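Chain nomenclature is as follows: A, B, C, D and E, assigned in order of appearance, with residue numbering initiated at 1 for each chain independently.
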Amino acid sequence: MSDLSKIPIHTEKHAPEEARTNPLAGVFDELVRFAQSRSMYMLHYCTGCGAIELPPAMTSRFDMERLGIQPMVTPRQADILLVTGYVSVKTLKRIILTYEQMPSPKYVIGICSCTVNGGMYWQSYATAKKLSEYLPVDLYIAGCMPRPEAVIEGMRALMANIQSGETEPWKDYYQRYDYYLGNQQHLFGDNWQTPTDVIGQAQHYGLAGPETEGEHTRILQQYQQPLVAHKLRLK
Amino acid sequence: MEIGKRIADIILMPIVAFVIGLFMVLMLRKIAAKLQRRVGPPFFQPLIDIIKFYSKTTQVSHGLLHDIGIIMAVGGYLAAESLLPVPGMDGLSDKGGIITLTYFLMIPSLGLALGVGQCANPNGSIGISRALTAMLAYDIPFVIVIFGVAWHYGTTDLSEMISLQQAQGWGAFEMPLLALAGLFALQGMMGKQPFEIYVAPAEIATGPMVEMGGKYMGGLFVMQCFQLYTAGVLYTTLFLGGGTHWLDFLIKIFAVVAIPMMIAFTFPRYRTEDMLRLMWKWPVLAGLLGIAFVMY
Amino acid sequence: MRPENYQAQSHPPSNEYELFIGPNHPGIEGNYAFKLKLHGDVVLAGKADGGYLHRGFEKLMEGRLWIQNIALVPRICVPDPVPMEVTYSMAVEDLCGLEVPERAQWLRVLQLELSRIAAHLFTFGGHAATTGMYTTSYWGIADRDLILDLFEALTGGRVYHIFNIPGGTRRDVPPGFLEQVSQTLDYLESRLPDYDNLLFTNQVFITRAKDVGAMTQEQALEWGVTGPNLRATGLAFDVRRDDPYLVYEQLEFDVPTEAAGDAWARAMVRRAELKQSFRILRQVIERLPSIGGPVRAPIPNPLAWNVPAGETYARVESSKGELAYYAVSNGGDKPYRVHVRGPSSMHAVQVLEWLAEGARLEDVAQIMFSLDACPPEVDR
Amino acid sequence: MSLLDALLLTALGTLIATLATVRTRWVGYVASLGLGLQLLVLFLLAPLGYGAPAVTSGLAWDLFGQPLVLRYDAMSWYFALITLGAGLVSSVYATGAWSDHYRAAGRSPGWLQFALALNVFTMLLLLASGDFLSLFIAWELVSWASFLLMALAAGPALKWSLRYITYATAGAMSMLAALGIVFHLTGSLNYADFMAAVDQWSVGLITLLTVLFGAGFAVKMGILPFHLWQAGAYAETPGPGMAFLGAISSRMGLYGMMLVWVQLIGLIRLIEVHIPLTFLSLRDVLMWIAAFTIILPTYTALKQNDARRLLAWHGIGQGGYMLMGILSASALGSAGGILHIFNYATNQAVLLLAVFAVVYRTGTADLNKLGGLFTRMPLTFVAMLVGIIGLAGIPPMNGFVSKWMVYRSLLSEGMPLLFVASVIGTLGTILSVYKLIHNTFLGQLRLEHEPVQEAPWSMVIPMMVLALIIFLTGFMPGIVLDWVAAVQAAVGLPVLPHTLGGVADAHGGLDMIMLVLVLFAGFGVSALLFYATGRSEPVHQLDNYAGGHFLSADVRYHYSDHFYAGLMHRIGHWYRGSFLWFESVVASLASFLAQWSATFYRLMQPALPMLAMAVIVLWMVS
Amino acid sequence: MTERELDTHLVTILRELESLEYRQTSPRRVRIDVTREALPGLLELLKGRASYVHLSAISCVDWIEDNEFELVYHLWSYESNHLVSAHTRIPRETARYISVYDLYKPAAFFERDIFEMFGVYFEGSPHMEKFILTEWDGPPPMRKDFDAEAYVQETFNWQSYHPDWLKELEEEGGGVAIRPEEVRR
């Protein structure tokens, strides 16, 4: 049993790998963080019943575009994955696939009580209980279901976190991939694999940590080599 | 024209185009918001979106061609802007006229088509096939318009057209039918409803954009700025007398872009064949009649 | 998902290709999937794929008290939750032989019709958005929010109300509520011409929606189509009128029909039903003050409520079609079996598959939204 | 002995050497060497290309009392340059790895090389013809040489090539008739005599000669309605042979047309001929034929699913641009038309070579069975990309320049409908070439093609050379425009004043050097912006958006067949079977005429039809 | 509401058949109990001669103590506006029955649903494969002998109900008080 403190809200802010000597770099980073917090494209994926409160939040009445939040269609275009409510096991696989397809920095918001602890479906055989076991969750918005105001309030909290650079759980997914993969394997079986090569990505972008690889990733590799892009080749 | 001025023009014109394009995107989104009875995005939202996309940490690529596609898409527009004369800057408009410009504008489309094709997503490929079909649809009235205008002014040089219009009066008054046909083509060129068939989120999940994320999407956003700007300036140059100075020029181009936007958010999209039927019927008829009036 | 999926040896030789609509796709209603096999842009075969929203409701209900389940049932259909509560309550009342006070019945009609309006406004928006007309959905959802405000005033909840319990409703209407409803209705009625201008008389929309996903009345009956979709093929059947429940027998309303059976006809039937719901609500507002009495029949201690053994099939007309609960009690404090028959279990699965066959890719999403398919009803 | 003799003798020598080594492994090298030598000799003749007076051959003899004159002028040189270039590239391509492959398939690369050399030789001969008799003889030689090349791959190729030779024979008959009339009227088959006499001839006679000569040349060129043999016959020709045929062989028809219509008769005469009951002149009619030649075959190409057929149909369509440009008679338009011969030859050659490189590696040209080959054959992809940009007429490749000239001239001549028609053709070209490159190189890589490798160097180098030429002549079209101007001068068309970068015109010129530089500057800035921001990482194709689904490798997730489905919903029924219908009409008309005349022969005196013909001819002549 | 007369067609048909009993439970509801052999014939007659064209639902009940599954076919007539529920029972061990897809197209969905949820195989039904539970490897979950709660406790972890941050809050005098007996394991 793991507890809430494992949710990397409390993780310390990572010091930049190398000290930036350029005085403008700080300003630049600030600008980037500002832009990232003020332009959040959320994935148009209604995973559960909480999705019914998103249209009001997006449309004329509450108009999230005021805050720079827009729905987007495919995971490639999106920054935020809203897990709106209970996640059945079948959906959870798609959510993980979708999450891994999103470009970082990416954020996960668990909306509704069901994402926290199964909610009113706690005894259901078909729904996963703790979303943060399988994905790094930035923020939970509790309620069944949270009102549009609550959703927007949650979004604003996330914006503040992004701008201050405090919340970077997406890095945690790379750094502790083994942990997340282990939980996924526990639920889906040992031969679980997504098309995205998370370890490769972590290494490519220098995001790998000591816990990126471990016993669970070895199980993964035992079944199959990761799907590597077709290399351009002349011979 | 002296060489220094020309180089300065070539450097400045895309920058101006981008900045104006950003405002046009803002206007687009504000118009949408107003029609949909809401507030709409903040002032700097278009720019913030672009910065956000370019500053993504992980960028998902589908290979070299995906990269090249986006480079071609943005680069093609950067180059094409120097062919569009604006007040005080003629750029390269004497080196290649309206026909050249029309073909230059195909380079970004080609680049995008290559990049999207490389993504190996049928949604994207369907989107491209629809986009090319849409091009076939709106280019026919468009070339009729080009012919009529070029014949009327006896030149394909855009800056010469502007100076002729400033002497004779706006093209829209002399060639109203062509101006009308041009409006249809403009709507199609911007790819807005009812001619939005190649994006169609509910059918093919935004078509060409389906695998674009990070700086790839950012590139497309930059391209959208250029696209709106180009459409506005081109129409203004052909029919509204171009610009004598920046103030009236800006008013004209924003007004030109606003018209399709108003239409866009009050119409659903046509199916491909319905779009073809519409485009090949009324605008072509109007255009041919317009040419007949111009020529005889 | 499984490694063997990445190790195929060859591609099928045919020129057909597959396209996946959903679960993460704007052309799908909710978390649901529709796999298409296409040639060009013509659908050769569509295969519905559900279970993404499966929570095992029927199993959950067997493990909870009769009264607890009231909190569970509205979750079965999110856009239109009230009929779920009412139907379940009706089933329990039928098993116990409880007589629901008349005022409670009127209150239930009030909620049912409000919920129907909200659901239809939502559907218009969705249907229009599949054809690229987003303004309608922006308007529709904003106007639907006014109904949700009414629900909030009445029940305290926007979407899930848990207001109806076996035996009646939890509370009476708050003061001034009926005027509020009346004002909202006035406003919504005044908006209808705008919707007409924007959508229903829009030539482009008509071109898009006509002859799309058309079925004949014979097909509709054979396929088990119900609700507005059935009425769009010309059969005037409405559970409210033909198998009446609550006080619908005392209300005046028409059963609007259309003949064509296509997406356009379905949209027009819903639009006409909106007007009928306004009409019903006006009657409710007029009649409700004159009806006295309690809003709830006395019920035993809900935590130790042994419902007599028996079985019943409760059935109402939800905004999507025929909704039914088959409830079985073995005399215990928990249901022995509850089977939910959602209207979408037909519309979203088999009917969609049949209508999609031979349809164009452009129209698949529109067909689904025009059927008003609600996936959670399928998955439960 | 003049340089022309050297050229022709080298060509003959190549032919003989190829024949001698036809069964050895060296035949390819011999042929390539020979063609290279010929090209070298042709370079020595280069002053022709810049307007030097015509070179006459020392070899001359009489036939039937007619002196046969062989001579080269600027036009001959221009065509010969393209011919030899295409021949050399094809020959080199066919020499290395490809020939092993071909041999392994049980065919003889030697005979292919021989047929190529024979084609080159006969075409050089045709270009050298200095009078109608030698023109006709060389024409027949060219026809039979092409027939040989087409028929090399037996099977369906034989059927198609027989079809070709049927058409060609009919065309030759028509030419023979024209020759007969010319001889009857002038008493000689000299060009000079013809040109001297042509001014006095009546309108009817001019029309008759134009049509009779034109029909013969149009068959070769594939001008509507004589195009039906071409796509099939070319598509069945083995690889490099098809590239050669597609690039230049058809243009011999255009050479003939330029010779007879433009140089000998003169476009002025054609413009003078008014078609009764219409406001069109004969020239206008021919231009409309050219317009339809652009549109109909291009849109037929759009529906092809075989890469070779797609390109072959394009070859027919592009011929229309050349004809239209030349017929426009303006300096700009005719320069565009003539320039397009060169540009198109390079584009078509590179496209076909790329297609055959793909066929070499994958064994199929079926566009529905390919896809995703970019990562496997990147250089071939580059070649094809350059080719399609050129063919579609998009800057910065050379195809844009020639098409621009044609459009610009139609614009300034005030021909709106023709202008629109040619743009419609270009749009159709863009659509179909994107389909070509998408279905071949983009999209999902088929599992069976994972091990595919880049084509061998012997095939890549010719493609790269051609791609380079395409880009260079697009960047600096002045190189070719010099030759084009000489051709214009030689055939009596107005000469286009041009610069290295294109055309200078006060009312809208073209400067490709500047434009291309700016374009690449744009690409550079864009690339800087792109690569300066976050690093990207490539992902596998199965890591793709599929509505949230997991893609598996056995799913065909690639949209290729019925590519322009939406368009076809609109225009599909317009031309469903219309070509077949058209051909059946032509065929039944021909058979009806044949039967009718046979019956006539049988029933009447054999002399009667002759008399009837004579009456008709005389009526037209007088 | 008055007691409605059953229409004569229905009554004649029901009288014709042996081995069934019928009972009007409410004005518009009729319950029929029929042996499993006779049910398909009954449905055919109901559809063909009594206008019961609408199959509203097929429900399955797991009577584990009787070792039987009960199948209930709810049929509606658009003409007489009656709902007939035909009940039949099949043995739990074999769990096989005959599909009525040839009579009622909607049956395919309900039969498939019962197949995945209860494991009853319907012969002749067109889609006897999984639909909702495609990624479920356990037993048919709706069977009474499948204990969902035990499965859940075994498979999933729970959020700690007493995390560190809550302790911090409690030290400051706030937080949620959970008595030991209320702690869910």
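Throughout what follows, a contact is a pair of C-beta atoms (placed from the backbone, for glycine too) under 8 Å apart; a residue touches a chain by one contact, two chains touch by 3 or more.
Just so it is clear, the model here is predicted, and its values are computed rather than measured.
Trainee: To reach chain D from chain B by way of touching chains, what is the minimum number of steps?
Mentor: The fewest steps needed to get from chain B to chain D is 1.
Trainee: Which chains make contact with chain B and with chain C at once?
Mentor: The shared contacts of chain B and chain C, listed by label, come to A, D.
Trainee: Can you name the chain that lies farthest from chain C, using the mean of each chain's Cα atoms as its centre?
Mentor: D
Trainee: Averaging each chain's C-alpha atoms to get its centre, pick out the one most distant from chain E.
Mentor: In terms of C-alpha centroids, the chain at the greatest distance from chain E is D.
Trainee: Which chain has its C-alpha centre closest to the mean of all protein C-alpha atoms shown?
Mentor: B
Trainee: More contacting C-beta pairs: C-D or A-B?
Mentor: A-B
Trainee: Quick one: report the Å distance separating chain A from chain D, using the average Cα coordinate of each chain.
Mentor: Spacing between the chain centres: roughly 57 Å.
Trainee: Quick one: chain A and chain C, Cα centre-to-centre, how many Å?
Mentor: That pair's centroid distance is 32 Å.
Trainee: Rounded to the nearest whole Å, what is the centre-to-centre distance of chain A and chain E, using the mean of the C-alpha atoms as each centre?
Mentor: So the centroids are 38 Å from each other.
Trainee: Averaged over CA atoms, how far is the centre of chain B from the centre of chain E? Could you give it in whole Å?
Mentor: The computed centroid separation for chain B versus chain E comes out at 58 Å.
Trainee: Would you mind listing the residues of chain C that make contact with two or more other chains?
Mentor: In chain C, 1, 6-7, 17, 19, 23-26, 41, 51, 54, 56, 59-60, 63, 138-139, 142, 379 touch at least two other chains.
Trainee: Touching at least two other chains at once: which residues of chain B meet that condition?
Mentor: In chain B, the residues touching two or more other chains are 36-38, 55-60, 62-64, 122-123, 126, 197, 201, 205, 210-211, 214, 271-272.
Trainee: For chain E, write out the residues touching at least two other chains, lowest number first.
Mentor: 134-135, 141, 146, 148-149
Trainee: Which pairs of chains touch one another in this structure?
Mentor: A-B, A-C, A-D, A-E, B-C, B-D, C-D, C-E
Trainee: Show which residues of chain C lie in contact with chain A when the two form their complex.
Mentor: Per the stated touch rule, the residues are 1-4, 6-7, 23-26, 30-31, 51-56, 59-60, 63, 71-72, 75, 78-79, 122, 125, 137-139, 141-142, 144-145, 148, 158-160, 376, 379.
Trainee: Which residues of chain B touch chain C in their complex?
Mentor: Contacts found on chain B: 32, 35-38, 122-123, 126, 193-194, 196-197, 200-205, 265-272, 274.
Trainee: Taking the touch rule as given, give the residues of chain B at its contact with chain A in the complex, in rising order.
Mentor: Residues 29, 33, 36-42, 45, 48-49, 51-52, 55-60, 62-64, 201, 205-206, 209-214, 216-217 of chain B touch chain A in their complex.
Trainee: Chain E touches which residues of chain C in the complex?
Mentor: Touch list, chain C to chain E: 48-51, 54, 56, 58-60, 62-63, 94, 221-224, 226, 235, 237, 242-243, 311, 313, 315, 322, 324, 326, 328, 336-337, 339, 341, 345-346, 349-350, 378-379.
Trainee: Show which residues of chain D lie in contact with chain A when the two form their complex.
Mentor: Within the complex, chain D touches chain A at residues 372, 374-376, 378-379, 445, 450, 453-454, 535, 537-545, 548-551.
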